[in-house]
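Before anything else, here's the structure in question.
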Amino acid sequence: MRATPEVPDDGGPAIAGTGIRKDYGDRAVLRGVDLTVGWGEIAVLFGANGAGKTTLLRILAGLTRADAGTTHIAGRPMHRRGNRARRLVGFAGHQTMLYNDLTCRENLAFYARLYGIRDAGGRIDEVLEQATLSDRANRRVRTLSHGMQKRLAMARAILHRPAVLLLDEPESGLDAESVATLGDLLRDWATSGRAALLTTHSAEVGLAWADRSLTLAGGRIESDVAPERSGPAQPTMLQ
Amino acid sequence: MRATPEVPDDGGPAIAGTGIRKDYGDRAVLRGVDLTVGWGEIAVLFGANGAGKTTLLRILAGLTRADAGTTHIAGRPMHRRGNRARRLVGFAGHQTMLYNDLTCRENLAFYARLYGIRDAGGRIDEVLEQATLSDRANRRVRTLSHGMQKRLAMARAILHRPAVLLLDEPESGLDAESVATLGDLLRDWATSGRAALLTTHSAEVGLAWADRSLTLAGGRIESDVAPERSGPAQPTMLQ
Amino acid sequence: MELLRGALTVAWKDVRLELRSREVIASALVFGLIVVVVFNFGLNRAPGSLAPVAPGLLWVAYAFIGVLAMNRAFTRELEHGGLDGLLLAPISRDAVFLGKMLGSLAFMLVIEAILLPVFAVMLDLPTLSPTLGLVILLATVGFATVGTFFAGIAVQTRSREILLPVLFFPVVVPVIIAAVEASALALQGGPMTAVWTRWAPLLLVFDALYLVICPWIFGFVFEG
Amino acid sequence: MELLRGALTVAWKDVRLELRSREVIASALVFGLIVVVVFNFGLNRAPGSLAPVAPGLLWVAYAFIGVLAMNRAFTRELEHGGLDGLLLAPISRDAVFLGKMLGSLAFMLVIEAILLPVFAVMLDLPTLSPTLGLVILLATVGFATVGTFFAGIAVQTRSREILLPVLFFPVVVPVIIAAVEASALALQGGPMTAVWTRWAPLLLVFDALYLVICPWIFGFVFEG
Amino acid sequence: MAAIAGRPAGKASWQRGLRDARLWLLLITAVLMLVDGYLIFMVAPTDAVLGHVQRIFYVHVPISILSFLGFLICAVAGIGYLIRRTERWDRVAHASAEVGVVFVTLALVTGIIWARPVWNAWWQWEPRLTTTLILWFIYVAYLMIRQYAPTPQQGRTWSAVVGIIGFVDVPIVYYSVQWWQSIHPKQVIGPEAAEGALEPIMAQILVFSLVATLALFTYLLLERVALRGIEDRLSQLRREGNTD
């Protein structure tokens, strides 16, 4: 990431959510989640299948409406008209958000225009390079393998140089090399003062990356600890 | 897996492919893959993104047509009319093959009928139990989390008690507990004399499960070794 | 038997999904109503000008609705790779074809049954006879057979919606023509010998022909 | 400006997806020809009987294409969650709506423009005037606006089954009726005062109304 | 046809032989066409009712019939392709569809030219004409689907199945004059032809025209198959050069 980080100097912490609640019909998924992620921090969110990780991330990204609670990105509220806050967020979820019949480059060019990036060409080459997809730049997304599509989705998420990254299981489906590249990217991310919140099921990967490790269970943040950066993986922490 | 295994006593090895070739337009993906997986064996297929793992598995399952080469399951050819061979195979891929607007139980009941399972009710309860989805049995698939859907897809794959399992990244998206359950299932699988071929990007998980570890690169099986079962993971082996 | 079991399982699944969401029937109905109203307003300018064209209008409306329904039947299959699930199962490709076809046939017949009285009132169709019912049934079978087949192809292409009619209509036009002729006779309420000696058998021949060819070649449509 | 940039980006993406390799244009052309063939053979039993029904047929064909186009515009968005991508972007919901609407509008207008001469020749439409062009444009704007809105709803769950027939139908039928009436007048080539004093203003009012209401409520449709 | 579908034994000499055969065939076709022209314009009697336009008959009928042959070959080769899966069958199917489309197009054109004087209208919505037009659409769709398929392999399979199911329309075209009240003349060739529908001299010239047009048809087909062979070779070379 040679790009100049666009960390806003005003406002509050990178990510702030208070009292987030979400029910689906008769099932309370989130029962009052409070969390704050500061600048320069990589927070990893653990939790069993169905714990509500995706729901939480989508609420933070403004894709799903919470039943109660507030969410702020860099101190700015995320709501329907929150264009400013949305520009600060990069999101990659379970779905790739790519168009099968556009090429890799066309997909990125589309999102670049949506985010109002000027002279997008160079930036697109840059992120394609980071996703090691340069040689597939002019191939349709349909013809990429599953992992390649996930890498392109990642490239799409960082394309507009967001200050805050929200990633839902970013390492799943990636080969060992790509996981390493992603780790490097996140390291740069933190050192340049930006922030990321990601979920993963891999204790090994997650703990290696995390400045903070959160666990979501029973609709609440159950534990919130800072693992030793260079220490060994502690799978016991997961329970 | 308390189910009686239905390993056919006739015929050849569990999975046999010879000289499998596949081109996509001007790109040669598989350039002559030969592989055999014997009964009672769990083979894990490693390979970078885009190496052709999914393509190979789909060809073995009879979903994609190879340009050249032959594939046999339990000595029976997999071709368009190969109903017998198809009954022996359980497949779970990148897509869940589930219908969003049917409940878990309805999805399984549908597949049970397709596979001609009599008295499917009990068997469906059994696999739902194994996928720890009993409490969601009557919920629509649409309302399940990503990992739960993957687990249901897995339940669907083993529903008809196949002798051979073909799994494409079965552990991705599953939480730690489910991965452990899956490991147990595969262990039973091997000891009861059945066979499985699976792909994964996780050296840790893959090597722990594998009786044999294959690597796909350059369109061919590049290495084919039997890791020490109880030894430590050897990530160096991956390249 | 194997064949029938597989086909009915697939068809039943489609019917059940449709009963959940009602999207095919709802949207087809809306479109059918729009067509009736438009025809009525647009056509009823010269009095009595509707009667001679009524059978044609009926079938044009049915044909369009059929395309919508068949499209939907397959896009639903592709959502999470359900089609792969069908192809993996130990049922022959014919059974998959027949299942999808029976599902579409059921939807179309339901929609046609709902729309027929509406059309009868709004287009001044003279008589509704069992013969007309039989003609509709026969023509719809041929229609659903060919339509299911081409929907299987079109759904795998980029511009599937528009490609389906392009592939489908030319092949099905003979069926439509025979159906229009037969319906015209049936609606006139006169002697129906021509229906029985010529059109019904012709429709039967078409149906039989397509029912033999389509399942056979359908298997090839889904080879990656 | 923000609004327009976002909307145009979205629309342009849809146009580009649609225009990949001119598939659509070619298919639309063939589609139109086939529809004419079906109409002609189905309806042309008494000679000269097609002329009075021509405007109605024109709009039935257009409505069919419109429904297909708008369906496609949204199913494509859902394939890999592209809609989430749009909602994440720093453009307002209005821009997303407008973009999808403009894309469908462009697509429909292109097809209509291609099909009009085909219909003119084959259905013996008497005169093609600029007035007709204007009528088509106005009606298509209304159609695309309402259609986009409901396609957006229809791809979401739940509400569609009631909303689609109950809302879409009454909302879009007036537009089509006005269009048919106006087209009939325009095609007759006589004095067009009625078009200018009654139908065109009516269509304009519909368009304006829908263009104000739809973007506004659209934002609420897409809240998880 | 047998030579094309045969084994590739002695490839180079076989191909050279085929090239020579095509040259000879071209020559023979040219001669036959010239003689045919002479027969049509100089020998054939002028029709008592229709006058000189009737001479189109000798072009219109063979061309229509041979377009049927083209689609028959297309369907058969399609079946062959689905069973054998060798490009050779596909080449034949593709080429015969293209030649067939050219021939129906000509049948439509000659028919339209003929219709103007005898029916006083370029076009009638009439069963034979409509079904012929539909035949044209079906095989245009055949050629379209080839291009629109996601992979070339799918294009080949899909077009094969379209060719097979599309052939159903050919008998419909043929019988359309019988099934529906049609103003188009009834069959003079094939199973439903009435005895003595034509004067002997007309029948003889028609048969000669048929032979001449068949020669042209065969030449075009062979040429197109050969061209497809070259195209395939080219894309194969490109694939081999593409190491990933």
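Descriptive notes on the structure:
To keep things simple, chains are lettered A, B, C, D and E as they appear, and every chain counts its residues starting from 1.
The working rule: contacts are C-beta pairs under 8 Å (C-beta built on N, C-alpha and C of every residue); 3 or more make two chains touch, one makes a residue touch a chain.
All figures in this text were calculated on a predicted structure; none of them were measured in a lab.
Listed by label, the chains that touch subunit C and also subunit D are E. Touch-path distance (fewest steps) from subunit B to subunit D is 2.
When you average the Cα atoms of each chain and compare centres, the chain farthest from subunit D turns out to be B.
In this assembly, E is the chain whose CA centroid lies farthest from the centroid of subunit A.
Separation between the centroids of subunit A and subunit B, computed from CA atoms only, is 30 Å. Between subunit D and subunit E the centroid-to-centroid distance comes to 40 Å (mean Cα coordinates, whole Å). Subunit B and subunit E have centres, each the mean of its CA atoms, that are 49 Å apart. The set of subunit B residues touching two or more other chains comprises 24, 65, 94. Counting partner chains per residue, subunit C shows two or more touched chains at residues 21, 157-159, 163, 166, 169-170, 173, 177, 223-224. Touching two or more other chains at once are residues 130, 134, 137, 141, 144, 148, 150-151, 153 of subunit E. The chain pairs satisfying the stated touch condition come to A-B, A-D, B-C, B-E, C-D, C-E, D-E. Interface of subunit D with subunit C (complex): residues 17-18, 20, 23-24, 27-28, 30-31, 34-35, 37-39, 41-46, 49-50, 52-53, 55-57, 59-60, 63-65, 67-69, 71-72, 75, 154, 157, 160-161, 164-165, 168-169, 172-173, 176-177, 180-181, 184. By the touch rule above, subunit D contacts subunit E in their complex via residues 21, 23, 26-27, 30, 33-34, 37, 40-41, 44. Those residues of subunit E that touch subunit C in the shared complex are 82, 127, 130-131, 134-135, 137-138, 141, 144-145, 148-151, 153-154, 157-158, 160-162, 164-166, 168-169, 172, 179-180.
Subunit A meets subunit D in the complex at residues 58, 61-65, 80-81, 83-84, 86-87, 89, 91, 93-102, 106, 110-111, 113-116, 156. Across the complex, subunit A is touched by residues 2, 5-6, 9-10, 13, 16-17, 20, 76, 79-82, 84-93, 219, 223-224 of subunit D.
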